[in-house]
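Below you'll find the structures, each written out as structure tokens.
Two complexes come next, and they have one chain in common, subunit A, joined by subunit B in the first and subunit C in the second.
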Partner chain A sequence: MKTKQLSRHRSDTYFSLFLDLPAILLTVSFIIVPIVDSVIKSFQTFGLKNIISKKPGIWNNFANYLYLLKTDEFGNATMHTFSFVLWIVVVQFVLAMLLALILNSNIKGARFMRSIMMTPWVVPTVISALIWMWLFQPQYGLLKYLVSVVTGGRVSEFAILNNPATALAGVGIAALWKQIPLMTLLLLAGLQNVPHDISEAAMIDGAGKVRRFFSIILPYLSPVIKVSLSMAIIENFKQFPLFWTMTGGGPNNATTTLAVLSYREAFVGMNLGAGAAITTLWMGMMIVVIFLYNKAFRIQDMQ
Partner chain B sequence: MNQTQKSDSKVFTFFKTLTLVAILLFLLFPLYWVLITAFKTNLEAYRYPPTFFPRVPVIDSFVSLFKENNQFFVYYKNNIIVSSFVALLCCIVAIFAGYSLARFKNRWNRWFFALLLASQMFPVISRMISLYTIMGKLDIINTLAGLSLALLAAQAPFCIILMSSFFAGIPKEIEEAAYVDGAGRFRILFSIITPLVKSGLVAVGIYAFLMTWDDYLHAATLIQADGKRTLSVGIALRYLGELSYDWSLVNTISIVGTIPVVLLFFFFQKYMIKGLVAGAVKG
Partner chain C sequence: MRKIVALLMILVVMGSFLFAAGKTEAPAADTPVTIKVANYAILESGYEPFWKGVKTGFEAKYPNITIEWVTAPYGEIVNQVVNMAGGGNIVDVLFGEIDWVPGLVDAGLAAPVKDILPAAFLNDFYPDVLKSFEVGGTPYGVPLYVSPYVLYYNMDLFKQAGLDPQKPPKTYDEMLAYAAKLSLLKDANGNKVYAFGQTTASVPVSGASLNAMVFNFGGQVLDAQGKLAVDNQGFKDAFAMLQLLDSKGYNPQNAKLKDLRNLFALGQLAMYYDQSWGFNGIKSINPNAKDFTASAEPLKGGAGTGESLLQAHCFILMDNGKTQTAAVSKFVEYVISEEVLSSYLRDLTPAYPAKKSMAAMESVANNGILKGASPAAGRVRVQTFIPKISALNLELASLAQAVTVGKQDVASSIEKFKTTATVKISQ
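== the complex of A and B ==
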């Protein structure tokens, strides 16, 4: 009997490995190997010539990295990326939390509203870029009109994407529009799991709305918040199509993030080695951010 | 809960409603705006100040999309082919690996799970720099099959984790009984267990379809021939190239390009909402 169980155990292992095999093959060959290869390429001179002649790249003594340090471009792109991620994630969290709390408060038509508010999430990213470019259009755009009405005609020319000071915010609005629905949905699902009786008991004890939110609802939501924030951080760190379609990194590089810079270097300038150096540093930063983020949540959980 | 509502002051209710209306307007008004622009004449679309309802709704821009700008439908068709293919294969891969993750808690699967989590983090551009060269050497660059494989690998990790959270909800006793009856492992998986997670499978398939439909970077780097381009890249390169855009046409394209995914989402909404929540919270 014992040997039979043992052999069953071993055959379980083989069977599970067999089932994992297609996914492992895919992940290793289309994700892990390319990532490692791009890190290697970041230390090489690798450009269009190598692709045409199918010759491997040559080690170049950190030339790609030194090249990045020569101009401010990389530093600026890093700044843009971080400020974009920070602003979008904070604003998105506040708005999604407000919407989720309201939809969870027994109002009429909450189910219907939850369902139609998901639409922007489904709209393809490039198309959401087009939608907002049309609203922001410098001559006939709706936003220009609204701004001129609100300011009583004082600001009659408002082109958010053409001004280096506001362009990043313009792309951010489109990003918020597309991402708020999913975060609201996740937070709403979390809110629905908060035990009713606890919240009610606190109310009877005389705890106000704000007090109840911070000392009962928020701690219960902590796991959901952790997941949805980390999804938002990763997504915005990687954001590319919105920038590329709406501004192409302009005006005057005001919206050039690490994604735009690496794409431009690798696929417009065809300097794949330098592009790989940017993505390697970019990945490193992302890993550090996620690590610190997890650590922060762990400390908070212990308290 | 009634007590709460009674205790709500009028000021509170007012601000609550105001916030709700403001956020919903922000989310939904842009869609309305695109919709009415598509039904305006070009002359009216370029009117300033803009009109909030088309004076005479026309379908000119739809006709022109079908007649003069029908290269759009080549991109559209490619997008349907690639997205369906990826969704289908993703379901199969996710049944295999998702079941294995949920059912067999061994050392290998812990590593496998970590691999899946990590692989969702890497920037796509980093992969593309390398895949562009590797797939070029293997001669699968510039093919829809190659593009689909690269996209399948990108969608699979989340789909597997999502699928495993559905398999985890199936009690082990069900398959134990079948095992004692002498059914083979594959028969148990496909004809006994999988039918029980049908709704999860629908969520996985549609999720993979939506994410593939949305792809820009894979197609932008791996496809060079215009006839093989997919939707996002096709639109960006063909209809946004010039200095002045034909905005009626662009708005029409936005609508036609979004319709399939919106329909799919709303038709299977029940599964999708449950699935997204389950997948995100588990992963």
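== the complex of A and C ==
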């Protein structure tokens, strides 16, 4: 009887492995292999001629990594990437939470708002970039006009993407417009699952709105917040189309993030090895950030 | 048994596919051939009818040759060609910019044109023009037409500012005096009129245009060996001029060439540097632009004589075996001819022919738009080709942004540029 049970257990294991096989094959072929290949190339002299002639790259004693240290570009790009991720994720979370709370209340037109709110999310990223470029256009853009009106004509030449001090914020506004709807939707779904009876009990016990938000709603939302924030971190860490379309990394490299820098090295400078070195370091940083983030949430969960 | 037979049949069919994928050499003259031509212009509405006409006309003349377009937007076409080549699918011809040549030679894709095109055809090109396509003494591309960066100016705005529209500025000092008057103007909607446009956006073509500006001042960016050589007065003067233009608000900041064309077409920019074919972009925004547009020679600055950089739209050829190259040769000879390019240069893209036999073409000789800039065609300088020319051009654009929107000092910005650019072009 026991042997039969063991045999059945083994066959179930084989069957589940068989069912997993397509997913495993796809993951290995399209994610693991390219990542490993990119990491290998980051240690090689590898250019277009290697692709064309199908000759393997040549080990170059960390030359690609040393090359990144010869200028301040990599350090600046890392700083731009982290500052962009930090402020976008924080602002996005605060605004999305506010919107989710509003939509979760019984205000009139909430359903309609929920429907139209998703529009920016479904617009392709490049189109979003083009829309915002027009709004920010330095000669006849809407933003320039509004700034001129608000300042009574004192600031008549406002061009957010042309100023190294404001260009990152300009791209950030476009990113927020595009990304807030999804986070709002996720948080709204989480809010709708917060049990009313506990909230009501707290209210009867005299807890105010703020106390209920921080002591009941937020803890219940914790799993949703964790997922939505990690999605936002990853999305903005790897943000490329908005930067490339809106600024190309300028002005004066003020918006050159790791994504832009790796593209420039690989496909403008045609130095695929250096491009791979940047993406390898970039991937490493992202893994560390997500690891620390998960650890922080785990500690919070335990508390 | 049935299974074994089926398996054998599958193997035979697969084997026949494999062998069929191999290259064939020297077939009969009337064997159908398809040549793959990578061409971003097919996706641009202004040029699409011309290229469709080329295909129709060429296939009618050579019924055994079919053109298959490979398309991608301007900024992506080189990557498209490289990615295809990486997969073993090499296009036969790429229509593109002269600056794309060194990268494709370095990649081992571009073939020497002498290996594909007949000597009689090549001998008809101006020697200096063909020399501009040389890497290691061998030309790797053929131009359809060429142009230095020309100064386009708006005659109506000149009149409004009390300037003689028949006397465009010849030096940067004259231009600054003109700009002082032009910058006081407003367009019909009360918008500011920019006096002078020089592209400085974060794209390689802006760097090429800045390189031309350095030539205006008698400076250089690279020496004859392709090494960075920016310790010259002309280079410093050019970027000091950019800073001055920015501080006076004459130059639209961070603008791409297409932004300048847009402003010029709308009457918000009085003068600007562009490739001659940029006029097609102006015209597509404002069909009446020909009534107010005129061209002038590049300005002289400092000790310079107003030399400029040669720009060209060209064919870059790839060697896919004798059958393909024979068809490619016919295609190139067909397109770079008076018969095909005459209407193109007259109606679409004002530019200068690259072949001696086309010099007297009516569409060029009587081109009102190009008339003023014509003497500049003889004052172009050949830029040394290096594989990292696009990366260098991007660094030039960054330098321009540092001294303009970055408000940084010219001398220290040039020092920083030297460090970065040296690393970039040596890797």
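By our rule, the second predicted complex is superposed on the first by the 292 of 303 C-alpha atoms of A that agree within 3 Å, B and C clash if a C-alpha of one lies under 4 Å from a C-alpha of the other, contacts with A are read in each partner's own complex, and residues count from 1 in each chain.
Everything that follows uses one rule, which is that contacts are C-beta pairs under 8 Å (C-beta built on N, C-alpha and C of every residue); 3 or more make two chains touch, one makes a residue touch a chain.
These numbers come from a predicted model, not from an experiment.
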Next on the checklist: According to the stated criteria, A:263 is in contact with first (subunit B), second (subunit C), both, or neither; which is it?
Outcome noted: first
Item to check | Partner chain in contact with A:140 - subunit B first, subunit C second, else both or neither | outcome: both
Checklist entry - Regarding the shared-chain residue A:32, is it in contact with subunit B (first), subunit C (second), both, or neither? => result first
Next on the checklist: Under the stated touch criterion, which partner chain does A:228 make contact with: subunit B (first), subunit C (second), both, or neither?
Outcome noted: first
Checklist entry - So, A:125: does it touch subunit B (first), subunit C (second), both, or neither? => result first
Checklist entry - A:203 contacts which: subunit B (first), subunit C (second), both, neither? => result first
Next on the checklist: Tell me which partner touches more residues of subunit A in the superposed arrangement, subunit B or subunit C.
Outcome noted: B
Checklist entry - Which of the two partners, first being subunit B and second being subunit C, lies in contact with A:287: first, second, both, or neither? => result first
Checklist entry - So, A:53: does it touch subunit B (first), subunit C (second), both, or neither? => result second
Item to check | Contact residues common to both interfaces of subunit A (with subunit B and with subunit C) | outcome: 51, 139-140, 267
Checklist entry - Given the complex with subunit B, which residues does subunit A contribute to the contact? => result 12-13, 15-17, 19-24, 26-27, 29-35, 37-38, 41, 46, 50-51, 54, 95, 98-99, 102-103, 105-107, 113, 115-120, 122-127, 130-132, 134-135, 137, 139-140, 142, 144-145, 177, 180-182, 185-186, 189-190, 203, 223-224, 227-228, 231, 234, 237-238, 240-241, 244-245, 259, 262-263, 266-267, 272, 275-276, 279-280, 282-283, 286-287, 290
Checklist entry - Residues of subunit A touching subunit C in their complex? => result 47-49, 51-53, 67, 70-71, 73, 138-140, 157, 159, 161-164, 247-253, 264, 267-271, 274
Checklist entry - Which subunit B residues qualify as touching subunit A in the complex? => result 1, 3-5, 16, 19-20, 23-24, 26-28, 30-31, 33-34, 37, 45-50, 92-93, 96-97, 99-101, 103-104, 106, 108-109, 112, 115-116, 119-134, 136-137, 149-150, 152-154, 156-157, 160, 185, 210, 213-214, 216-217, 220-221, 231-232, 235-236, 240, 247, 250-251, 253-254, 257-258, 261-262, 265-266, 269, 273, 276-277, 280-281, 283
Checklist outcome for this item: So, in the complex, the side of subunit C touching subunit A is made of residues 79, 82, 85-86, 90, 103, 106-109, 191-192, 201-204, 249, 252-254, 263, 268, 387-388, 390-391, 394, 397-398, 401-402, 405-406, 408, 419-420, 423-424, 427
